[in-house]
Structure formats: C-alpha cells, structure tokens
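The structure under discussion is supplied below as structure tokens; questions concerning it will follow.
Think of it as A, B, C and D in the order they're written, each chain with its own count starting at 1.
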Amino acid sequence: MSESRINASNGSSNVTTTVLGADEIILNMGPQHPSTHGVLRVKLKLDGERVVGSECVIGYLHRGVEKIAEHRSYQQFAPYVDRMDYVAAVSNGLGYCEAVEKLLGTEAPPRARVVRTILTELQRIASHLLWLGPHALDIGALTPVFYCFREREEILKIFEKYCGARLTTHAFRIGGLQYETYDGFEQDVKRFCEDFDKKVDEYETLLTENRIWVGRTKGVGILSAQDAIALGVTGPVLRASGMKWDIRKAMPYAAYDQYEWEIPTRPTGDTYDRYLVRMEEMRQSRRICLQAIENIPSGPIMARIGKVLKPPPGEVYHSIEAPKGELGYYIVSDGTTQAYRTRVRPPSFINLQAFDKMARGALVADVVAIIGTIDIVLGEVDR
Amino acid sequence: MNHVIPPSIQAYVLPVLYGVVVVALLPLLAGYIVLLERKVMADMQARLGPMRVGPHGLLQPIADALKLLIKEDIVPEKADRFLFWCAPVLSVTMALLAYAAIPFGPVFQIADLNVGLLFILAISSLGIYGIVLGGWASNSHYSLLGALRSAAQLVSYETAAGLALVSGLMLAGSLSMKDIVQAQYDQGVWFVFVVPVGFFIYLVGSIAETNRAPFDLPEAESELVAGYMTEYSGFRWALYFLGEYANMVVVAAIATTLFLGGWLRPFARYQDHLFGTSIELLDLLPTILFLAAAAYCFWLAPRQPVQIQKIVMALVGGLCLVLAAGMTGALFAPDAVRLGIHGAFWFLAKVFAYIYAFLWIRFTFPRYRFDQLMRLGWRFLIPLALVNVIVVGTTIVLQQNWEWRHPMLSAIVTTAIMLGVAAFLAREGSAPSEPAEVGEGN
Amino acid sequence: MSNDPSEKDANVKPSEGTSESAATPPKPATPAQPATPAQPVAGAPPKPVPPAGATPPKPVGAGAAPPTKPAAPAKEAAPKPVPFDNELTQRLKARFGDAIREATLDRKQAIVLVAVDQLREIARYCRDDEKFDMLTDLTAVDWPKREKRFDVVLNLYSFSKNERLRLKAHAAENEPVPSVCEIWPVANWLERECYDMFGIVFEGHPELKRILLPDEWQGHPLRKDYDILEQDTAWVRENLGIESGQ
Amino acid sequence: MNSLLFYFFSILAIASAILMVTRRNIVHGAVFLITTLLATAGIFLQLQAEFLFVVQIILYVGGIMVLFVFVIMLVNLDVSLHLVQFNRMKFVSTILAVVLAGHLFAAFWITRNSLNLGPRGEAMMQPRNTESVGQALFQNYMLPFEIASILLLVAMIGAVVMAKRKV
C-alpha cells in the first residue's frame, strides 16, 4: 500500500483525521496524547471502527545517548543509563555496571550483589505499579492509580534514604556499591514486603474479578508465542504468551540464583494475561526481597578495581531481566578509559514493534489498552 | 392570603413559588453534588479531595461557579452560532422542566399531573437534543462523533429504563407521582422489594441515561477527548454540567418515588408512640441524624488549622443544630407542616443515597467499550425488562383473580424467575479465569 | 564528596579530545589522546573515601575490614580473544567453508566472523538448524580506519540450548548488507535504526527509512567521523545566521 | 387565559412550520419541525388531553425526530446545501398547490356549520384520559391495534434487513 504522505496539519491538535477512501481513514493519535505514555505518535489506518494497519512514529525523545557514550568514561556514562528507562533506573544501572564488570573480568562482592538484587526487585515492583496505575486509568478504572502510587511512594522513600534520589537514582557503581546500606534498611524493606501482599490483593479484588475489566482486556491484543519470539519480544509480554523464560533463571546474575521463586506464565497472550503475569511477578519480587533481606552477607561493598578503568580491548554483551524485558549492553572497549561503542538493547523499543501485530483487527478503543499493556517508556524507545 | 389574589391566578401562585425555589436551589444543589462526588472519590482513593477553599473544601462549588463565569467563552469559527448557543440552554431547560412533576414531599410538589411519570420521561427524552445539536454545532468531526454516540446510548437505554418503570407502574396502578407513593403506603411495602430486578434495570438504565461511568463513553473515549462538550468552555460548559447533574437528581428522584417509597418514612405504617405523646419513634430519626452531624462539626471545629476555617466549621455545626431544631419543631406542628418537612427530609435522604450509589459505581468500574455498551443495552437489559414486565403483570393478575393472600411469596417467585432469565441472557459472558499459574523455572 | 581527579580531566576536554581522537588511529594499546596530560600516577593510593553523602551511613571502618592500602590493581592477564572450536563452529565451517572467517571466544562469549554476502544464508541456517530462534539484537560498530569500516553484529539466542551466539560481518561504507527481516521480523526496526545511525543499507528490507531521526536529517550520527561540534555550529550558522562561539 | 394560550401555541406552530419549509440549513429545518410538534403538543395539553400531550412528545419529538436528526448528521448534507433548491418545476407545483387549496376551502365551506367543537368539559370531571385511552385501545379497538403493531414490526424487520451490511 503506498504510504500517502500525511502532514499533521497542526502539531498541537492531538487528533486529526484525513479521509481517504470512503471506508478507510487514517487516525492520528499523539504525540501529545493522554494515553500514549509519552511522546509516541501512532498512525492508525481504520476501516470503520476496526484497525487495519498502524505505524508508530517515534524519535521525539531521541537524545543520542549512544553518541554521548563515545565521549564519556565508563563511570561518567552510568548516570545517563538511568535516563533511558526513567521508570526503572535502578535496574538500568545494574545492567550497565554488571556489563562493565564483565568487561573488566571482575565481579562485585557478595554483599553488594545481594543489596543490588533487593534494590532491583523493589524497582521492578515500582515499575509494575507505574504500569498498572495508568493502564487501569486508560481503561477507565479511576481508583487503582492512587493505590499503586501509594505503594510506589514507599519504595521511592527507601531509594531516597539509600542513595538520595527517588527516580534517576544512579544507585550502583561499577564494581559494587558506593554507599553502605543505611541503618534500618532491612526493617524498611521487611515492613514494605510484609503488607505488600495484602495491597496486591486489594488491586486484584478491584480488577481481576471485575466483569467490565475482564470484558475490556480478555481477547484484546493477542500475541501468540511464535509471533512473540519472531518479533523478539521479551519480558512479561513474552511470558504471557506462554514462554516460561526469564533471564534471572536462564542466565542468573547478581544474586538471583540463591533464592526460591517461580516464573509466572499465561497461555493465551492477551491483555488480561499480561495483567495477571505482571501482578504475579510483583508477588514473586516481594518473595525474593523477603528471602534476600533475611541474610545480607557482611563484607566489602566495592571490588578493588581502582579509580581509572581501562578494560583490555575486546567486547562483551551482558543482559538482565528489566521490568520491561531483556535489557542488554553490548560494550566494545579499545583499551582507553572511554568505551569505543556502547549499544543498549532496549526492551521497550523492540516490544513496541509488536504493537502493529497486536493492534490489527482491534477496535480503536482497544488501541489505548494495547499501548498500555506493552508497558513502554518512551525514554527507552527513543534513547 | 387567598382573598388577596384573584381566584383565576390563585391556582398558579403556589406552583410558581415552588418553581422559583427549585430553579434557585438547583445550581447550588448541583454544585454541592459535584463537591460530594469529589470528596467521595477522594475518600475511596485514599486521599483528601478539595480542602483548600473553605473548611474541607465546602466553598469549592462557589469557587467553581465563579471561575466558570469568568472564564473566556470561546465559540469555534464556522460553528453554527444559533445552535451553538441554544444547545446547552436546551439541555438545562429540559433538565429543569422535569422538576415540575417531582414530589419533594407530600406538600412540596410543583404540579401533580396525572401523567406525572410519563411527563418526566418525555421531558428527559428531549435532553438528547441538547447533546446532539451541541455536537453538530461545534463543527468538529469529533464532537459530532461523540454526540452521535451519546445519543445512540441515550436512546437505547431510555427504552430499558422506561420498561423497568412500567413494571413499577403496574403495581402502583397510576401515573401520578403522588398516587404512586400513596400506593406504596397503602400496600405497606416499597416497590423495590416487590420488583427488585426492575429496580436494578432502572439503576443501570439511569446511569447510562445520564452519561455517567461506566457508561461515560462519549466524554471519556480517549480519541474523542470530551465528546460533544469539547468545544464548549466557560459558562456554556457549566450549563451542560448543570444539565447533567440536574438530570442525575431527576433520575434519582424518579427511582426514589417509584421504588424507594418517595417521602415515606421507613416502616411508615408502624405507629408506636413515644411514651404516650403523639410523636412516633421513627420520626425522631432525622433529629438524631442532624444532632450527630452538628456534634461532629463542633468536634472538628477546634482542630481546623486556620482561624477562618474554625469559624466556618462552627457555622456549619450551627446550621445542623438549626435543622435538628426544625425537625423536632415540625414534630409538634400541625400535620400538614410535619408531613411536609419530614417528607422532604426522607425524600432528599433517599435521593442522596441513590446518588451515592452512582458515585460508588463510578469509582469502582472501568469504562465499557462502545460495542459492549450497545450489546449490554440491546441484548441484555431490554429483553430482561420486557420479560420483567410480563412476569410482574402475570403475577399481579394471578394475585387479583385467585385471591392470592401473601404478596411477599409472589414477589420472591417473580424475582427468582427474573434471575433465571438474567442468568440465561448473560450466559455467554466471559467467566474470569484463574490467576496466573506459576511453575518452576526452566 | 571530593571530585575524583580522573573524572575532572575527562569532563574538561571531552569535546576537544574527540576531534583529535578521530584523527589519530585508535591503536588499542596506547591511550589515543596524546593531548591529555599524563594520567596522574595511579599509584597514589586513594583511601576509600568514607561515603559522606547526605545519608548518615554506618562509619565504614566499623563494618568493613580496616582500610588496607589497595595495591595498584594488578593487571591480570588481559583476556585476549581466544580462537575456539566446538561442534557448532565445525558444523558451520563444514556447511559454509571459508564464509566462516574466524570464531573467537571473548570473555567466554562465542563470536563468529562471517562473510557479509553469505550473512542471510548463515542466519537462516542458524535459526532453522541450530535452533537460534531469537535475534536478541542487531547493531553495528564503526571502525573508520578499516577499509570495510562497519561491523554488523547479530546477537542470537537459542531458547532450547539457552545459549548465545554473536555473528559479525564486516561491511564497507556503501556496501549493501543482506537484510535478515524475513528470518527474524524483529530485524525490521533494528535494521532501520542501523541505517538511521550508520547509513548501512540493508537490501531486501521492506521499508528502509529513518526511524529515530526526522526524515530530512542529514548525516548518520553514530559514525565516528560525525562530529557533534561541527554539526552544531553548522546548524547555528544556517538557522540563526550567527557564529556559535563553541 | 385559556384562549390566550391557544393562540400562542397555534401561531407558534404555524410560524415554525413556515420557517421550517423556507430554511436553507437542514438542521435549522429539523429544529423548527421540532418546535412545530411541541406547539401541537401544547394544544393537546390545552384541551386537557395530557396523555396525548405526553405521547406526542415521547413519540414524535423524543423518538422520530431524534432519528431524523441522526440521519441528517450521519449523512452530512452540506453537499446538498449548495444545490439550487427551487428548480424548474416551479410552474407545475404552483398548479398543484392551487388545486389542493381549492379542495380544502370547499371542504371547510360545506361543513362550516357543523365545525363547532363540543362544550369544553370541566377539567377534573372527565375520567382521567390515560385510562380512557387505554380502555379504548385494548378493549374496543383490540383488532386494529394488533394489526397496526404487526405492521410496524414488519416495517422494522424490513429496515433491519435492508440496513444489514452486504457482508
């Protein structure tokens, strides 16, 4: 189909329509749109109410992070990593620090690894909460968003007490941790995890059995397992399509291999299944935190790698299970203090590509739910 | 006063007076319903709601009204000026007109038409024009789409609500609102217990009819932005808003009159007297309620952070005291006054309870998609309402012809049949599946 | 917290450093920027600065071992990429002969260098026979000094074998690289991004146009010779008509 | 007071009917049609026939006119606005109009002395006309009522079949 050149008449109005043939309209959603979770513009080709085709126009938030990486030393680039998926900054940091440690051939000490695991799992819960709130709001449930933010606030308080920042935390350093855990860290995390299970039950009572919620999400935006693998989709979206695969189990990093927990999966891969998988993941993260908080090994928090990092030339690819999917770092070193090439494998960018497959055949009202269920953050999509 | 006014006009004095009272009080009432909604919503969402304007945000509605008055009033160019102006006016007048037949109490009723209920239905069905013409006049593709969708929703749910009322009417035997309430008094039972399914259908129908969640599709559809109201701003938008909330009160009033026994006190016929005086025990309920409210206000007053808020909270406490005194005073007044005041209290209490149910539903349910909404309306509610009319009709006829003595049993039978039919109609609904099954990793 | 000496250096001269580093060949061994002053002798034993951050942490001394003077980090044997040979590479070599240039193991990760024109067949073989059913990532690295300047890097992953494999192919500047879109649909956007950032043309791609940058953007930013400074001054001169002082 | 109301309603009805016919903008035409129907409903009310008043509003204005407005808005008729509405058929239409007027005038003239309306019944005296209308429809004229309803049903099904998308 020849892509007729659509010029957005005025950038500001968020919805413009061009009437093509009698039955096909191009509906233009975004880039300023309440439910596109950031500056994403979606061009939908509609036949009446049904979506026939879609094209995502991205790049509005492109800051050229990989170009900046060429002019920064390894330690200097660490804060940039938080700005990509600004909702899960801690896990971005973990991925980058572990990738550079692998490049150097060293490893963080056990105590640092356990504290890193706890903070990353807390960040996963916070990221899922920030997914659930707006997602439910897009579908019309006004109340869950406030419950989610109430719990997320507790987690952000723990981050703030630990490293002084709430969102872009830069909590980890290459080789381990910068700060020792503050007094009362264990009690805070334990208190949060203790009553978090009841809170998740609260969300479930509000939504899981809710007939309208089920009606709006069941059978919407179905992605089969084959399509998911072919489209390189990872994370909860893949697990909801029936694939029992999680990097924390497949290739354990940090201290994940020391704990007991399961991978939630669902068979059909529709919006409702992704909702259930993420809710179960929050419970499993809580379980990991509880086990980890029991015995944080004592010992140094920083490996002895010195101030100036000059990893021997070569390259490494290291990936972790970020809340959105597999977050990978492909770093090429030329022996100097600055990485020659730092490539980030962005889960949101790749998962967003599956939007077209999911949206085909859906109704316009479902498009909002589908964008929500993929759980994208435009900072990571555009980098 | 009678001899002062010539007899031919005299029949009009009282209704005009009541009319003025209603039209004056309605914007205030609508404003405070908005405040109630925001407060209840906040309470359900673990937060406080408007607290800044006046103590606990009590002056918020006045602030809102002032803001809307001052706000710039934009008319989109190439819009149909005449229609653009008259659409919101139409929507508000229809909502206000419907108050003509609503009995706020045995005494306080503007006009007791003998087609009272039908009149209100007719007037509220005219409300659609306010929306459709508004959508058309704003000359934007999306408000037109929103207007057509909300009109389609209104038309389909009006039938369902109308049929649900029919089942209540059959019990009452008359269209006049006063007679309906009288029938409930004579039969000693509120119709909600006789035809609960009818009440349920009317509840759902009325939510859809006033475009409120989970049926507030036209405004909230993400790509229709605010549906037919998009291009309106300033006072015109306030008119639409007033129309919507006035409609909500109208719908609540109909439900109260038909199903919840209008101005009847609960257990209206249960006469036991307080140690020999002529006061009935249950009549004291309103007084106790207001005294409790006053006590709470006075308890809160010293805790207010700002001095002005302390005073205003004390004033509110005083107001509750005055109302409590009024209630008790009315007990000793002649019958007409007592019935009038207590009746009005019970009626408004029930209306607010019904509106609270509206708010409650709004904050717990997500929104329906448009096709689900239509399917629910046409494939579930209307057939259910039809069957309800038939079943209730047959039971009434059986009751009259075969001298069936115990009405409660027939009520239970009808409800059982209706629930069976409802289950049958909703069978293809998706049963929620079990939570994510977890398994050991690979 | 005292600013770390080496970071201060890097901040001061990143821009000036880049323009030169592009000129001098990035010899892997010696530091590229002759201009930067000699690194402060790493020997100065920086005491583990007690984290005096806003949070009042436990005094480091109490818990951790007494702050020993960390000896200069002993340079353990730099992990040189080591050629490796297992059944997978043998099958590949048997199947494609010299198209498989070399197979190395860098930090225990398998890398196979392949001829660029056979890339699509090798990729199809890897997916169908070797069960690498997911293309995790497709990216490129720019080595301006080599005549085949671009490295196209494909990161594959096999769910059944829980293994990763990295295919690399060298491509010259305007040499079209066969697209792997039909094999792994995920490559669609990844290749568009490579084209956008490096200018590598993937022939056989359904709709190769820029994905992140606006369509009318000139130049490909992630190329080493794409200088931010010069681009910025050009834009300022062109749009604002003044000379930017940078 | 009563006759005053009657004149108000009838003038309103006639005026809006004329306005409706002469409007260029379809939607204005529809609005004036609605005002005409409301005016006639007012006249029903004036004659103490509240049930007819209410039914007129519900049926005509609340039901049929809504569908009219729906059709007008769905099929955006701006296109037809620019056509010249008064086409060459002017000559033929005037003749037809004159003939029709002649008929009407003759009919009124012949029955002019039997036109007086019955004495206006006292307001509250008559049985409430909802019951009387109900009795008439369901007791005395049961058969025509059923036939009419079946006719309507057939019409509805026909419309649904035609509107079904040829899919």
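Convention: a residue touches a chain if its C-beta (ideal position, glycine included) is under 8 Å from a C-beta of that chain, and two chains touch if they have at least 3 such contacts.
This is a predicted model, so every value here is computed, not measured.
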{"item": "Approximate Å spacing (C-alpha centroids) for the pair chain A, chain C", "value": "22"}
{"item": "Approximate Å spacing (C-alpha centroids) for the pair chain B, chain D", "value": "32"}
{"item": "Separation of chain A from chain B, taking each centre as the mean of its C-alpha atoms, in whole Å", "value": "44"}
{"item": "Chain centre separation in whole Å, for chain D relative to chain C (CA means)", "value": "79"}
{"item": "Contacts with two or more other chains, residues of chain C listed in rising order", "value": "162"}
{"item": "Chain B: positions in contact with at least two other chains", "value": "442"}
{"item": "Shared interface positions of chain D, touching two or more other chains", "value": "none"}
{"item": "Chain-level touch network, classified as line, ring, star, complete or other", "value": "line"}
{"item": "Contact pairs between chains, per stated definition", "value": "A-B, A-C, B-D"}
{"item": "Chain B-facing residues of chain A, complex", "value": "14-15, 17, 27, 29, 33-35, 49, 136, 138-143, 145-147, 150, 204, 206-216, 218-219, 244-246, 249-250, 262-266, 272-273, 276-277, 279-280, 284, 363-366, 368"}
{"item": "Chain D - residues contacting chain B, complex", "value": "1, 25, 27-28, 31, 34, 50-51, 53-55, 57-58, 61-63, 66, 69-70, 73-74, 128, 130"}
{"item": "Touching residues on chain A, where the partner in the complex is chain C", "value": "58-59, 62, 64, 66-67, 70-73, 75-76, 102-103, 105, 161-164, 178-183, 229-233, 243, 245, 250-251, 298-302, 304-308, 312-317, 319, 326, 328, 330, 332, 334-338, 340-341, 343, 345, 349-350, 353, 382-383"}
{"item": "In the complex with chain A, residue positions of chain B that touch it", "value": "41, 44-47, 141-142, 213-214, 220-223, 225, 362-372, 429-430, 432-433, 435-442"}
{"item": "Chain C to chain A touching residues, read off their complex", "value": "4-7, 10-11, 14-15, 17-18, 26, 28-29, 31-33, 39, 42, 46, 48, 51, 53-58, 60, 63-65, 70, 72-73, 76, 78-81, 106-107, 109, 111, 133-137, 139, 141-142, 153, 155, 159, 162, 164, 166, 184-186, 188-190, 193, 197, 210-214, 221-222, 224, 226, 228"}
